[in-house]
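Dropping the structure in here first, questions after.
Chain lettering (A, B, C and D) follows the sequence in which the chains are written, and residue indices restart at 1 in each chain.
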Amino acid sequence: MNTESNAQENVAAMEKRVRDSFDRQGLMHHLGATISHVEPGLVHIRMPFRQELTQQHGFFHAGGTSAIADSAGGYAGLTLFPPDSSVLTVEFKMNLVAPARGEYLEAVGKVARFGRTLTICQMEVYGVTGEERVLVALGQQTLMCMHGKSDGGPKA
Amino acid sequence: MNTESNAQENVAAMEKRVRDSFDRQGLMHHLGATISHVEPGLVHIRMPFRQELTQQHGFFHAGGTSAIADSAGGYAGLTLFPPDSSVLTVEFKMNLVAPARGEYLEAVGKVARFGRTLTICQMEVYGVTGEERVLVALGQQTLMCMHGKSDGGPKA
Amino acid sequence: MNTESNAQENVAAMEKRVRDSFDRQGLMHHLGATISHVEPGLVHIRMPFRQELTQQHGFFHAGGTSAIADSAGGYAGLTLFPPDSSVLTVEFKMNLVAPARGEYLEAVGKVARFGRTLTICQMEVYGVTGEERVLVALGQQTLMCMHGKSDGGPKA
Amino acid sequence: MNTESNAQENVAAMEKRVRDSFDRQGLMHHLGATISHVEPGLVHIRMPFRQELTQQHGFFHAGGTSAIADSAGGYAGLTLFPPDSSVLTVEFKMNLVAPARGEYLEAVGKVARFGRTLTICQMEVYGVTGEERVLVALGQQTLMCMHGKSDGGPKA
């Protein structure tokens, strides 16, 4: 087996690790959020509009917007972490730059700087309606890699 | 009617304004969160543990923790805003300082610096189990007061 | 005079407005910082290494790194603000992602989302030695536009 | 020698460790900043007004305000770290809540949550003129303890 297919296998294993961990996040399920894209250093999460996700003016609540941004950044980091490790959010900061409305929100988490212990991500959240895609939030996040503690096992 | 009773009426009206707005936040209801304390410049929000609120290790997800912190800070600000105004979160930053576990989380939002346009709050979130109360998150938030746009009416 | 030359004049006037304001920042002069690039929505600031800029391990101090990042973001915002306005930093957040060393630091401030009242910028700071350019800090900033208060006059 | 005098010796050694490290920060000297108070988990830094510290409107520049806040928080952390360790700022966030003016600024750094690897601080900066003391900035910071790497020796 050549290197390229090994790499492909690793990407598949990495994606499975990320999706398995995501599936164990009760909150993401409760918010109706799903992973829409995974690649090394980049994860997208979508969350369709529902009344259960609103703030007092009927837009998406900043808390839900931030929840999917935090998960998108965290899993973007996890894609680059070793298999026997786990991810923790140390801190994050979000600017809510426009009313969060649309058929769904899409959070994009990207690794901006990978490190053995700490990894820094940037997050963008878009409100999407048909073809229209409006930036509604922008964030920055610090992750910690917990080595030797799997994030992917059923009892993690 | 003397000034003191006027002030008491105003506090009651302010609390009603805050609770009415909170009741219109679909997300707070969906997360099972309730306001446990309101006074000028200070709001507490509680969220009992449920599987629907977890991250992959079974603790409260940072997104839910941040959602109640954001609402606690936002409503702490709204207590000091004029009746015909509305509150928007400009940005917030959260440090997740310990695993968020307990029978419930309690978010405490406090106004640190009130301003006509921008108000700054600090947030603490505690994990509470019986008598034990552990700090799990610490945040700072910038709010904007939208003058002339009521936060409390049914059509806000 | 056609539109294009008007636009060129405006860019020149904008750049003058930014450079005049920068020249009145005693701190930038004291730190040895200079503007190395200005275009609409984008400003670069350089700061050569000196012993006077160090922290206890001999690298650039995070305070100096943050100072040029804050100014780069602020002036990136000012490039888009109307001539009779002024810029204030509401808040900013910096991640120090690597030891800040090199012949000089270069801070890059970019407008991520322009708004009439609030504008959001992203900042990157690089440590530069010869051809090598290493990301040392990453930030996000909220600016306020003070309309009707010039940032460019000698008595501002 | 009893425990109490041991503790007193330790506090003296800790304060010396902090002041020695501070004295090696070229930037603090260049800004005219000095440590005005040290106790476990709490450090104050003062910086008198000078033209060299200003932004374009003649107030203290946010960069200098943030520099002393960052150092105050960092050294508040270092007071609690073991003698053979060093402190790094992972990230910090500052809200500039009022024009930074006065005879001097005083930054107060406090440990909010100590941890073996990561420690969280809160910072306040006041503008002081005579008896008047006005809050001008408020921040939150994440520190990393580098174990086994002294912050206090001349070659650190």
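Definition applied: a residue touches a chain if its C-beta (ideal position, glycine included) is under 8 Å from a C-beta of that chain, and two chains touch if they have at least 3 such contacts.
If you're wondering where the values come from, they're calculated on a predicted model, not measured in any experiment.
Of all chains, the one whose Cα centroid sits at the greatest distance from that of subunit B is C.
By number of C-beta pairs in contact, C-D leads over the other of B-C and C-D.
For this pair, subunit A with subunit C, the centres built from the Cα atoms lie 30 Å apart. Subunit C and subunit D have CA centres that are 25 Å apart.
The distance from the centre of subunit B to the centre of subunit C, each centre being the mean of the chain's C-alpha atoms, comes to 34 Å.
Looking at subunit A, one finds that residues 90-91, 93, 95, 142 touch two or more other chains.
Across the interface of their complex, subunit C is touched by residues 90-91, 93, 117-118, 142, 144 of subunit B. If you check the complex, the residues on subunit A that touch subunit B are 21-22, 24-31, 50-57, 61-64, 66-68, 70-71, 86, 88-96, 151, 156.
Note for the complex: subunit C touches subunit A at residues 93, 95, 97-98, 112-113, 115, 120, 122, 135, 138-140, 142.
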